[in-house]
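Got a structure for you, written out below as structure tokens; questions coming shortly.
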Amino acid sequence: MMFFEVLKLLFKKPFTNKFPVKYAPKNTLGLIEKVQKGEVKINPPVDTPPGFRGKLEYDIDECVGCGLCAQVCPSHAIELVKDKNWVIMHCKDGAKLAAPLKIRIYVSRCIFCAQCVDVCPRKCLKMSDEFLLANEDKLAEDLIIPGP
Amino acid sequence: MDETGEIKEGEKMKVDDVVNRIKERFECEVKVKEIPCGAKKIKRTHIFVEIKREDFRKFMELLFEIQDYPHFAVISATDLGEQMELLYHFTIDYGKQNDEKTISLRIKLPKNDLRIETITDLIPGAMISEREIHEMVGVEFIGLKDTRHFFLPDNWPEGKYPWRRDETFPNDMLNKLDETWKEGDKNE
Amino acid sequence: MSEHTYSIPVGPLHPAIHEPITLKIDVEGEEIVGVDVFCSQVHRGIEWLGMNRNNPIQNIYLAERVCGICNVCHPFCMVQAVEDASGIYPPERADYIRAIMAELERIHSHLLWAGVAAHEIGFDTVFHYTWALREKVMDLIEYLTGNRVTKAIMMVGGVRRDISEEGKKKIKEGMQYYLEKFAKIEDIYLNDPTIKMRTRDIGVLTREDALRLCAVGPLARASGVPKDVRQDFPYGAYADYGVKAITPDTYNGEIHADVFDRIIVRLLEVKQSVDIIKWAVDNLPSGPILAEKNLVKLKMLLKKAEGEGIGRVEAPRGEDIHYVRLEKGKDPYLSWKIRAPTYNNVLPWIPMLLGGQIADVPIVAASTDPCMSCLNRVTVVDEKGRKYEITKEYMHELSVKKTRRLMRNANRSF
Amino acid sequence: MIWEFLANNSPALIIAIPLIAAFATSLISRVSTRARNIWVILALVLTEIFVIILLYQVFNFGTKVYVFGASSYNLTLPPDSGGIPIRIIFVVDAMSIFMAFTASTVALAGVIYSISCENEQTGQDKYYTLLLLMTVGMLGMMLTGDLFNFFVFLEINSLASAALVAYRVDRGIAVEAAFKYAIISSLGGLMVLFAIGILYGQYDALNMAMVAYRMQATGFSNLDKIAMALLTVTLAMKAGAIPMHFWVPDGYGKAPGAISAMLVTTTYASLYGLFRMCFTVFGLAANTVTLGWFLIILGVLSMFVGVTMALVQHDIKRLMAYHSVSQTGYMLLGVGVGLATLGTTAFNQYGLAAMEGGIFHLINNSMYKGLLFLTAGAIIYRIGTSDLDKMGGLGHSMKYTMIFFMIGALAIAGIPPFNGFASKLLIYESVYQFNPILSIIAMIVSILTLASFVKVFHSAFMGPKRYDVKEVPLPMLVGMGILTFFIILFGLFPNIAMQYLVTPAATALSDPVGYITRVLGGGSL
Amino acid sequence: MLTGAFEVIWYIAASFLISLFAIPFGLLTKGIDRKLAAHMQWRVGPPVWQPFWDVKKLFQKETIVPEDAISWLYNAAPILCLASTVTILLYIPLGPFPPILEGHGDVILILYLLTIPSLAMVAGGFASSSPFASVGAQREMVLMMSYEFPLAATVIALVWKISSLYPQEAAFSLTAFARHPIWNIMGPFGIVGAIVLLIVLLLVTTGEITKVPFDIAEAETEIAEGVFVEYSGRNLGLFYLADAVKTVVMSALIVAIFFPYNLSPLLTPNISIPSWGWAIVDFLFFLLKLEIVIFFCMTFIRVSVARFRVDQVVKVYWGYLTLASLLALILIALDVML
Amino acid sequence: MPKLPTKSFDRSLWVFHVNTGSCNGCDIEILAALTPRYDVERFGIKLVGSPRHADALLVTGPVTRDMEDKVKRFYEQMADPKVVIVIGSCGISGGVFHESYNLVGPVDKVIPVDVYVPGCPPRPEAIIDGVVKAWMKLERLRREKK
């Protein structure tokens, strides 16, 4: 029987987490401006736990371009690209100028499996807790983790 | 019923018994695979049987003798090049603690004669699976009443079978969704 | 009155969407006389994709996305099959963590189902309430795996994330929460007269039909077939626990095999899951969580492996089976077959809906916890079995007849 | 001068014009069909005009007693003459003229409608002749003050109606329906004649007033009872009340559209007869409570059974026919309550209102039921079938017919602001004091009626286009428009109808003494 | 003639005024309903002004007429629906203010006027030529037929009692109800009967404004919003408004029949403020009564039960509620006789 | 050219949800966004059962062959002004299903898309964020128009 239950609930504090604000603002852009000015505070979303799988972070300097991440990525989100900075490589047949490989990640293709993070031998990939990624453009700068 | 040693013993006999009964009737290869699991290393039993296409119905009869209603799971198909291998997965002795066995029945069909009897008359629940195998690899089930597409759209081209590894695979229908947006790629 | 048989579409694309399946219902008078099912809207060719990717590791995520709801069961099942085929067996700790994950998923899925079922019969409060309670397990899942829905926890030969002491505490807390709330949920679903009114003796699936049509999971159990992979064919930690399949007679000693019984079975299973999780956390063995820590090596091992394996897992909706065949040097599988539970639970709709009423369709279909939406292609089957596409005019005529029937019935009930 | 003469002789003219027109029709049609059409319409327009003139007279000067061929009615019935009628005598009280107004209006609308509706049929001359004869019969029944004349007009009317039902002889079913109708009518006629015989034998009079007067004087004998039973049952049957309604669906269902509409008023002529007998002839002598209950029970049964049967019909006209039965129930109910309370204080409290309701409903029903039959005829005219299952999508092209239909349907369901509501409201609000259950039933029937018409509306007009048809021709729309005008008029301003038509009618009907004194007292009393 | 013209102008002005009150108040009521329902579902819910924004948006949206629809009827239905709903309010006393069309404040008239909005919906549903809309329209008809008996019985039973005590009154007039509040004139049996009738009427109201559990005509999970499935933009907005006003109408009717009390007679001896002040107080009190009635017949019921099936709806109305109202009728009959 | 969105569009957004072959992950998160924890109804967002009523189309899934023209039809049935929000990676780019014989997507190849919400599945809050982005886009458009 829900009759009594609903009456009880009526006087209970709602379960809602009021992210980002309680009600829809009249003017969203205005709200954002106000938030930037610090006049309005945004209610944070439900906390992300440690180890949350959000948008990738890439440490380009550590990357050796082994391509393992691209190999295991199930959704083809990682692309190997040539570094813009050429370096001198030392091989057994002498030194030569080469562009080492780096990667570029298309976040809007990523399915946040963290498989690349696990496989990377240099631990240069990490998952942040950023997950508010909506964008009008799927190729926006925000959604591409640029290689070189 | 709990998982004491005795019962495991009994179960073992039961597996042998099943294997023997199959071997008695058919000239075939029976593989038993036992996989231990958990901390107690309790074993699960898979029985693989390979028979000839001609024996198929007779085998089904035997299956119904072993258990009044064997549970049919699914048919999987593998394209082996010249042959198409069908694997019927059944389970028997369900409903009891740790007593179930799977029986997988392997039948190889030559590519040029992909036909086999239906089992929907015995087990109506096999209908979807037969329809799926029919549309995906082009096996004809003799006696299957409903042969419409189940998973593929209605306008799917005739004679194209997506799960085959030969020229009947619809190569031109492949779609690289991730590539479609490279054209507009600003960073390129 | 001349009665044509006609098909009606049921709830095209409504909020309770699962896997889209086309459901055609032939109606004659008030009665449903024929049911037909199609499933082309959602076919993404996952098996084919899996057979053509680079390596089995990628396929774990593909399996995870067979379904967003059963997203532990499918990978679980697949890695089981791959492990069988390659002989890379997981360590014990991994077995237990897998079981915990699978049971958490069952809790979330059953609560999700219960909410959706309430929504189907227009009981939105219960829907909101149940889903609010469900958030706890979602948080738990997020804490343990890093995402609320897709858990990405399975790996061939083990699991990807360990459960820390902190995690154990959180899990226990969560289970305590559900033990407390369980009484209330039980009271809402099993004692509310309007829910009972809409579900008792509706959509009956007899034991014989359940067997004949190979029903699995709670659907089969509610019909009195005590079939549960965790019990019959235990895998991983379940072999140690000894699960007992739940049938409605454990609750009230009778089996009606109707929608209400399915509610009973699912609710009791939530409780069972809570017990299993508590047991598994308490008995969590120590040790590694992966048989082969180095992924690159694992990849090489799998590449060299040869053999076939069958994975079986009791998903929230019933038995899930994967068949995998590996061949040396072949990327990644020679063969992969997925048999999701709904695959088997679709045909039982036919006897369940036959003879029922049109208004029961949503709740009966939902009672198998299936995948339905976009039921928009309407085909007519007439008495001779001829088929033709329905036209608007025809539909109009039928709806006219329908009014008459309704009015006559209203009239009759004087 | 001439006007005065015409006005004074209006009762005779009302009968004479259509009668003459009827026989002249076939002659004139030799000239041209057009001329004939104009002729027929003209005749009915004239009739209508005289009805209105007479209405004016009756309203202002009270009951009019008219004697054929005598300058003064005093000559006819000297109080000491023993009541033997020397001349044909018409007694036009408010009730009679009320009925005549209804009948002539519907007839006018019907005939205009027929002009184009029937223009493709053969034998139109006969059609119009019969139609006019039918009108004559109806009007005669309503205006006469004489039992035997009543019988004669009844017969004229029955024969003409039967012939008209069979008018579309190409259909076997129509003939069968006509046959049924003819048999019922003649059986009924015989019974009426028999009853009149009984009364004549006892009281030696055929004049209603005289019979009533003498019956009251001598007391209510067993023979009277038989006569009363015969008369009420027969007339109730002719009025289509349950359980003697079996001829109605066939009769209405098979007749051409305009005729169905006029059949409605025809049955009401019988209903009028029933009321007249109950109130004026037997009202003083017999037990009005029993008689009232008899009408009430007939009414409730008709209401309920009629609507229930209607709900399951598949043929638009049969469906409407059952609704006629059901609507007749309301009138029986209203008037029955009036009769049952006649002479008690309750009569003034609510009995009169109930009667007013019943009588008001009579004219209302004639209008909207007539309209509905005309729209049904329009549909059949365009698509050639009356099977609801075969209709659909007409709303796309037959916009006006659809609007007329909607108005008719809403009116019959008693939805404000149409006239059906006005009269039903009177019934509900008075009858409940007699017995609340009756009111509740009346309200339920009303909503069931609505449901049934929504069904028709949906089947016929809604849905995707199925037939490529045009709107019906103008004359048909005009015919429907006339009735619609009254529906809306009476709906929006029920006071007009109440003041000039209904209340006088109800008062006149409930006052048998007044009637008798007027006739026997030489009119000047 | 002149007075006639004046009257007409007055009616038009009055309808306008009434809609000025009823539409915003109806929307506000809807907002309050949604807010309360949300809280009963353990969530925050939309602000109470939400319905205003919804309507504003709907009116600014494109209005699509489906190809197969009978366009004039399709477009006329919503207007008719709203107009007729507003008209009903002219006949209902609003707290301290007598009905504008006084003397016609007639319950039966109101009951029948109440069918017009539903009929407009039915017509609109049929006119959109969509199968779902047709099924919805038919269900709406079934619904209308189902609640008719209990509704009629309720009204007639009460009126019967009043007229048996006060034969000189125009018993069906709502002002008669106001003059003789039924709780005051009922004996013990009658009180019980009246309580039963109040409950019946509350449940009928739930059906009349098509809310769960009787929302079969719009059942979203079964027939995808039913009657309204093809409507969009302005037309949908008009229906939305009509629904809001209808809620006010039904609750005002219940208040007028069962709770015609005003605060002023109670308080006048103690406090003295000008008479317009009392009018305001009474009016506010009336609004409060409306909200309470709406809470019980709409918000509370709809959050605490599941939707019924069509046959169950018919069974509830023709079965249980009919029995209940007959029982009440008998109780009141006892009361009249004793 | 779609009509310019009006101001109050912001505070009343009725959405219609289409599944074009998704895995249900995103769909249940959309549903979750309706439930008490997130309760999008407080922004005036309502899930409706008919595309005619909808202001926004939520699309999930990589668009299977069967769903292609259905999605198009739903889009066309919606009254202007309207927005399309794609939820989930597989609708944006095919995600994990990026090459298959039965897909014709991604969504933006079939109908114009206004906002993309990456995630697999995105959290309910991310879906709310997507809606906010849609509002911002509309407001910006309106400002530019002025």
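All chains are identified by letter, namely A, B, C, D, E and F, in their written order; residue positions are counted from 1 within each chain.
As a convention for this text, contacts are C-beta pairs under 8 Å (C-beta built on N, C-alpha and C of every residue); 3 or more make two chains touch, one makes a residue touch a chain.
Since this is a predicted model, take the numbers as computed values, not measurements.
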Each chain counted as touching subunit E and subunit F at once: A, C
Reference subunit B; chain at largest CA-centroid distance: D
Distance between the centres, which are taken as Cα means, of subunit C and subunit A, whole angstrom: 31
Chain centre separation (subunit B, subunit F; CA means) in Å: 39
Averaged-CA centre spacing for the pair subunit E and subunit C, given as whole angstrom: 44
Contacts with 2+ other chains: residues of subunit A: 1-2, 5-6, 9, 14-16, 18, 22-23, 46, 74-76, 106, 109, 111-113, 138
In subunit F, residues with contacts to at least two other chains: 11, 35-37, 39, 42-44, 49, 62, 64-66, 90, 93-103, 108, 120, 123
Where subunit E touches two or more other chains at once, by residue number: 38, 40-47, 68, 129, 134, 138, 141-142, 145, 220-221, 224, 303-305
Residues of subunit C that touch subunit F when the two form their complex: 13-20, 40-46, 48-49, 52, 61-62, 65-69, 71, 112, 115-116, 127-129, 131-132, 134-135, 138, 148-150, 371, 373-374, 376
Subunit E - residues contacting subunit D, complex: 68, 70, 72-73, 106, 108-109, 111-113, 115-116, 119, 122-123, 126-127, 129, 134, 137-138, 141-142, 144-145, 148-149, 152-153, 156-157, 159-160, 163, 167, 171-172, 329
Residue ranges of subunit F touching subunit A (in the complex, touch as defined): 7, 10-11, 36-39, 42-44, 89-90, 92-96, 98, 108, 114-120, 122-123, 125-130, 132-133, 135-137, 139-140, 143
Subunit A-touching residues of subunit E, taken from the complex the two chains share: 36, 38-47, 300, 303-305
For the subunit F and subunit C complex, residues of the former touching the latter: 16-29, 31-32, 34-37, 47, 49, 61-62, 64-67, 70, 74, 90, 95-97, 99-103, 120-121, 123
